[in-house]
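Notes follow the structure.
Naming follows writing order (A, B, C and D), and every chain is counted from residue 1.
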Amino acid sequence: MAVRTAEQYYESLRNMNQTAYILGEKVEDITTHPLTRGQIAGVAQTFALTKDPEGRKLLVAHSDLTGEDVNRFTRLYESSDDLLTKVKMLKFLSQRTGTCYMRCTGMDAINATAVVTYDIDAKHGTSYNKKFLEYLKYVQKNDLVVWSGVTDVKGDRSLRPSAQSDPDMYVHVVDKTGEGIVVRGAKIHQSGSLCANEGLILPSREMRENDSDYAVAFAIPADTKGMIHVYGRGSLEARVLEGIDLGNVDFGKFCPMVIFDNVFVPWERVFMCGEYEFAGPVVRLFGSYHRHSHGGCKCGVGDVLIGAAAAIAEYNGVPKASHINAKLVDMIKIVQAMYGCSLAASIEATQSNSGVYQVDSVLANTSKLFEGQEYHEVIRLLVDIAGGLVADIPSEKDLQNPDIGPLVEKYLKGAEGVPVEDRMRMFRLIEKLAFETRDIVSNIHGGGSPEAHRMTLLRDTDLEPKKNFARRLAGIKYEE
Amino acid sequence: MAVRTAEQYYESLRNMNQTAYILGEKVEDITTHPLTRGQIAGVAQTFALTKDPEGRKLLVAHSDLTGEDVNRFTRLYESSDDLLTKVKMLKFLSQRTGTCYMRCTGMDAINATAVVTYDIDAKHGTSYNKKFLEYLKYVQKNDLVVWSGVTDVKGDRSLRPSAQSDPDMYVHVVDKTGEGIVVRGAKIHQSGSLCANEGLILPSREMRENDSDYAVAFAIPADTKGMIHVYGRGSLEARVLEGIDLGNVDFGKFCPMVIFDNVFVPWERVFMCGEYEFAGPVVRLFGSYHRHSHGGCKCGVGDVLIGAAAAIAEYNGVPKASHINAKLVDMIKIVQAMYGCSLAASIEATQSNSGVYQVDSVLANTSKLFEGQEYHEVIRLLVDIAGGLVADIPSEKDLQNPDIGPLVEKYLKGAEGVPVEDRMRMFRLIEKLAFETRDIVSNIHGGGSPEAHRMTLLRDTDLEPKKNFARRLAGIKYEE
Amino acid sequence: MAVRTAEQYYESLRNMNQTAYILGEKVEDITTHPLTRGQIAGVAQTFALTKDPEGRKLLVAHSDLTGEDVNRFTRLYESSDDLLTKVKMLKFLSQRTGTCYMRCTGMDAINATAVVTYDIDAKHGTSYNKKFLEYLKYVQKNDLVVWSGVTDVKGDRSLRPSAQSDPDMYVHVVDKTGEGIVVRGAKIHQSGSLCANEGLILPSREMRENDSDYAVAFAIPADTKGMIHVYGRGSLEARVLEGIDLGNVDFGKFCPMVIFDNVFVPWERVFMCGEYEFAGPVVRLFGSYHRHSHGGCKCGVGDVLIGAAAAIAEYNGVPKASHINAKLVDMIKIVQAMYGCSLAASIEATQSNSGVYQVDSVLANTSKLFEGQEYHEVIRLLVDIAGGLVADIPSEKDLQNPDIGPLVEKYLKGAEGVPVEDRMRMFRLIEKLAFETRDIVSNIHGGGSPEAHRMTLLRDTDLEPKKNFARRLAGIKYEE
Amino acid sequence: MAVRTAEQYYESLRNMNQTAYILGEKVEDITTHPLTRGQIAGVAQTFALTKDPEGRKLLVAHSDLTGEDVNRFTRLYESSDDLLTKVKMLKFLSQRTGTCYMRCTGMDAINATAVVTYDIDAKHGTSYNKKFLEYLKYVQKNDLVVWSGVTDVKGDRSLRPSAQSDPDMYVHVVDKTGEGIVVRGAKIHQSGSLCANEGLILPSREMRENDSDYAVAFAIPADTKGMIHVYGRGSLEARVLEGIDLGNVDFGKFCPMVIFDNVFVPWERVFMCGEYEFAGPVVRLFGSYHRHSHGGCKCGVGDVLIGAAAAIAEYNGVPKASHINAKLVDMIKIVQAMYGCSLAASIEATQSNSGVYQVDSVLANTSKLFEGQEYHEVIRLLVDIAGGLVADIPSEKDLQNPDIGPLVEKYLKGAEGVPVEDRMRMFRLIEKLAFETRDIVSNIHGGGSPEAHRMTLLRDTDLEPKKNFARRLAGIKYEE
């Protein structure tokens, strides 16, 4: 059971009882709802591809914790090689889904929690790490999908958690009992909350002493009472039933808001509670891990972008145009920079006190900065290469209309030998890749916003030795 | 009647009988269909704002042709000042619609046709120019909305018109009679074809002798028999009925494919027929005019982008963050470059043989190059400033659901004093501005694709004097 | 005499008695010193080209002040057209010198002083404007070269003038007598101080009440007692005698530090003295004027850069390579953006209270932002196109050495028919254009540093109407 | 002796008898000539730093070939780890020299030759590889500095070697005897030719059958008869004796043209002779290795650029300005991208038939593309942060002049407590870092020109699987 099948995963979802709303209505079965099933199909690939020979090598690995083979998404980063393999696994999966499969945030949160609970215990004499590793064994043995709740709704962004006019703008502890704690607040943009078995909830920023109630980390099942998942709309969601026009025919993405309306968490699932000085470290470490993940997954999607550009140039009849080649090079360059910096962040990883490896933060954030800015240009280049038909291509229904269908087909023909339907499908995929809000906004804001990456990059760069290199060459005396 | 009201325009549409299909179904009334009415409302602003004092100055001008005041969209460019005013008029209208109002292509095509028919007549002794000016009087007197049909479907893009396996990949003459000509083919991305009274159809590329049948220009009513408008899908079309979630609450855009299924055109409406060496000039001139137009309209939309960024920063509680200010500067810089180069292209305009003024092509294409590339970064900056809620914000229906509405409202609160609905509306507008395919793809491919702008820029730059400047400074002898 | 000849200008310099140091030695005759004569030759072009038919149209204009034709460099901006012509004049001159000719700062300072003295008088009842116009008549009648002293040395840049530990870090009044004032301090990067007849000195930043002594503007002859010009080194200065290796064979540039060591200024030449609230306006207006100037002159140099790139491609044998064409387009695009925005800033000019026209600050600063950033990429593209020989090309002396000269000539051959000497000359010109510190640093920091341009751009953009455009489209109620 | 000392290296140079010309004059002793000694001091660091504990770890490694510890610059890449260590060694050395130390080209050429001679032998039954490994033992045992001669002068760049009007535009075999071959031609931009003991000469491009004489690889001592080194000028060379004004006080760079005027090479030093189909592979492999090297060394110089920017901000009094922090982030981002992609190219290395490891070409070229373009922006940012004093700062001699020295010192003061001399030194270093042609042109053209990197990137990217990823997601059938 430590490596589940896709069917076991589907069954586990059907056995759960999440409270979820979509466009104002309560949802019965997320595995079949047209607006959610594409995402669940994406997550299911993390199980299904363990049967693929290449996938198995990347997705399945031995866990020292359980002594068994487990799904890598539930595993600790025990070496630089593990981090390298993670990047390659995510690239592999994204090449095959063209979007998100929702398990990286959980994996990254698991590792960040493993590192920081160890440090909390060392300072405060608590036993969070032990509790957490017990929890992790449970996750590994059952190959659970874990969603990581980090981003709070934040209210007025200029105010700290405890300074907000409504104290619930960040998730916080509102009660403590002998059995556990009660939390309130809301997390937003929750990748995978509605296709997960479990949630691992972390603070979303550094905290000061008077924010102590907000310094809370814990795990709960995704259908815990009081937790409400609210679907958020995406630009292309309305195409979910429409064949060719769907773009990505199997997979999709969305990220709910999750409201914690007085949710109870038992003590054995509480991994931080008031140790405010560790809120910053855990979210920053999560952030670095997750930016490192993006270097893999967005590179995989990048391969799809590049492939779609090359394919549509072929379908349009101009596969060899020199300006198209130049644009392909520009696309490849950025995608490789993201990938290269993530690989390098793995190589330059260091071991934490807990034994878990931490990526090089400067390189991981560098990778993410390219995703947040230059990757948007990669998408523009895709649209540039594809041509105007990315917008305003007639629908599949026009193609099927007996009166105009033959005319539509006649006039949408491209290069000789390319079926019109294939060309339309490729344009629809490109529309999806370039204009689906969830993917594009995630490029920019996923794993923290660009300004956060920039501040992290600067804080984690030691400028002093660099100044001394300059002073030495200039013939200026200085003290090391 | 030479300056119509919005109501007169609506009535004229209701009196027409276009053949149009939307998502596989024939349309009855485009003025009320949810997928088309937003665009018509945009066009109607070009009439309605003639009542606005500021708008009137820009939109209404005297025509030497008719001796009356006419709507500027039907008028010839009689001076550099006319070209300057055009840019400002388009900026003004876009600030108020946030999208396209569909009459620039007609205006630009009218002027290109006026210039080139004069030159054809001078060479071939034809009388196209006189016929065309008669037609233009009719347009001016009735303040007609003219759509310009330029972009052919093109089939295999590596092949010339006459070399395609299907001869209909470019619009061409298939028959000539004493009364007129019969044309076949299809034009794609036809801004405004389905909200126009008339169409002015031009070739889309230079032609060679064996492409003579494709060198054809003509005008016809937009509901002429045999002409079929097929709606093309956009990323956010499905929101057309949804209040807050609509984004831009009044206005919208789409660009049909228009099929010419053996359409008859009487001789008095034919303005080029076989003079293949003028196909290039007319489309290039149209192109330069239209890139010049974009410098105005996209700068107006740019003001909306900048305004939305500044407003959402305020709603989020961080109007003064230094990185947000820096991003606003980057946005303004690009938008001003587009605007400045279009103004400059007006100043540097020269008079053609026909008397009509031609913009400076290098400056007009420079403006468009910024729109095609750097403007995409302006949009990214808007999303960057706004934050992750551009994707996955819950729907208006969630807000109205009695069970979760109050919670959704509570948790989507931003800065003190800003109604949640206003914040949601602004995020929805930003979603629309950043992710509506029709607008974004038009930034890149409207008025020709980036590579076309680049080739034009290079062809229209005289490198010889510049080489001589360099030679002279280097002390190299040369002949002027 | 109101339009001098080059010879008259040279003679005027020989009749002056500046105190100047170059590399630690006092200079006797700046018109012949190898490190200064190239610059003076550049300035002399502003006289010599008044004899050129095209040059005359740009350089000579009627002055309402004197009733005579004067050199445009001494004239007020009396209309938008004047500002347009200024841009074109500067472009014309830079195409012919490939560097700076030093008279724009004076022209821009003259105009800024004319505008602001008028406003000071209106508020304070002073008579600065009248005194200034008298002075200007004297300048116009004698066609004097005026250098503008703006940039102070600034000491610790985080401190205001009056807060510096040494009070002389900004030029300030140290004594006032019945005859005039005594000033002390130093200005740095003084374009043209050592080839000017007169200096017009302005404050370099806004001032507060306790900085009143620093709010001082005045004019003095460039050889006034106590004024010391100290030459600053440039990267390629050592080539000044070396024929081919010189790069730009006739013209050069440098910008001294000018020390005011207790310099006396008579009252009739004092145009601001203590009215601290006008220090900001005068320097900002000077800044906008001067950024507007750069849009002309750097576009002229840009034509040389583009011409050199096109010429060297030809000399290398690859004039038609598609990637070189693409790079030329990128070069042209940026140069045209600078030019276009400067032209547009002229068109959008407004009349000040004094009657003098003020450029549109947003457009003028936009132009300069491209110069400060993207223009550096233009230079990189020049080097990219030219190839590695921009560095490490053997010297003219190697070419002339009897033992190796024939071998050097043999192996430096490029395309058939291009003399090796021409190819070497072009490479040397490119080296000069791309690596002369004075030009490149001026691109970035001339007319204020990029951050100053950015702050000005943001301050001078009114965001409120733009926010309202967005609110209106989103359906949000607001008050105008 | 397998790891020499700096003194042994200097002695070896003094014992050689190179034919070299500098500015038209024959050179006696390159170790003392002011224009060459700075470079030799840089090379000497590759010996001296073997005594440094950190340096030793990077610079000294065991060779399987000789069974001894050798200097890594003479060693084969026996693993991915070797390639990683190479990148780090180069970064380490560049941080300490701020420029080039000239031994990478040799190291990269050695490895490329080892790989390709093996493949030639496999195909042609030759014994180049064995001869080459014997030669390499000699290099390793004597720790020789090897310069790699790749770039030919190329004549008309549109013509192949055998199509040039002068057959000597590429180095080629002009005679073969029983003892060896005679070669003629010239190599340009020869990093280190004048501070090397040996030269390893390779073809500079792919060849076709009729270019066979040009497909030649060989090794010779750097003072072989008939070989003439001609110094090429640099922008800041004239400062070589001038203390503070020197910029980089100890180290420098230049790259001669090397003429092969009928040079004899014995057969045991010939490693390719006519096997034209291997000319492309050896130069491409050298190119990938060398772009990989740049990711290390230019990242080390990048650390100096960043350090100089941070230091000068401090000296100017504005170390905490938010726009300066933002610019530092932009600098770090690009430098890290170069470094990260080079590390990643090591990780993704594969073993060649010869056993030597080959870097991942796509990642190595990606790194170089950033150096060739965005790194130029890093340099602009340095100048932007530093301010205008990068140009036109008075000289050390002005500082020492008794009349004006105290005034110059007074007015060049920056932040409290920073000696003026230190501030001047830092500005001079920045001038050197930003404007020394040899370094900047090498960023762009070193290791091949940008277009070469782009073509390599595209050729070495397999687009087919990427197209299939896109097809699969779009629901298009395809054959793998």
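What we mean here is this: a contact is a pair of C-beta atoms (placed from the backbone, for glycine too) under 8 Å apart; a residue touches a chain by one contact, two chains touch by 3 or more.
For clarity, every value in this text was computed on a predicted model and none was experimentally measured.
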By Cα centroid distance, the chain farthest from chain D is B
Higher number of C-beta pairs in contact (B-D or B-C) found for B-C
Cα centre of chain B to Cα centre of chain C, whole Å, reads 40
Whole-Å distance, C-alpha centre of chain C to that of chain D, is 38
Taking each chain's mean CA coordinate, chain B and chain D are separated, in whole Å, by 51
Chain A residues touching 2+ other chains are 323, 326, 454
Among line, ring, star, complete and other, the chain touch graph is complete
Contacts from chain A onto chain C in the complex sit at residues 322-323, 326
Listed in rising order, chain C residues that touch chain D in their complex are 21, 23-26, 151, 153, 155-159, 165-166, 168-169, 185-186, 188-189, 228, 230-239, 245, 254-257, 259, 261, 316-318, 321, 323, 372-373, 376-377, 380, 383-384, 387-395, 397-398, 400-401, 403-404, 407-408, 410-416, 431, 435, 437-438, 440-442, 444-446, 449-451, 454
Within their complex, chain D touches chain A through residues 84, 95-98, 244, 247-251, 303-304, 306-308, 310-311, 314, 325-326, 328-329, 332-333, 336-337, 339-341, 343-345, 347-348, 362-363, 366-367, 369-370, 422, 425-426, 428-429, 454, 457-458, 461, 463, 465-476
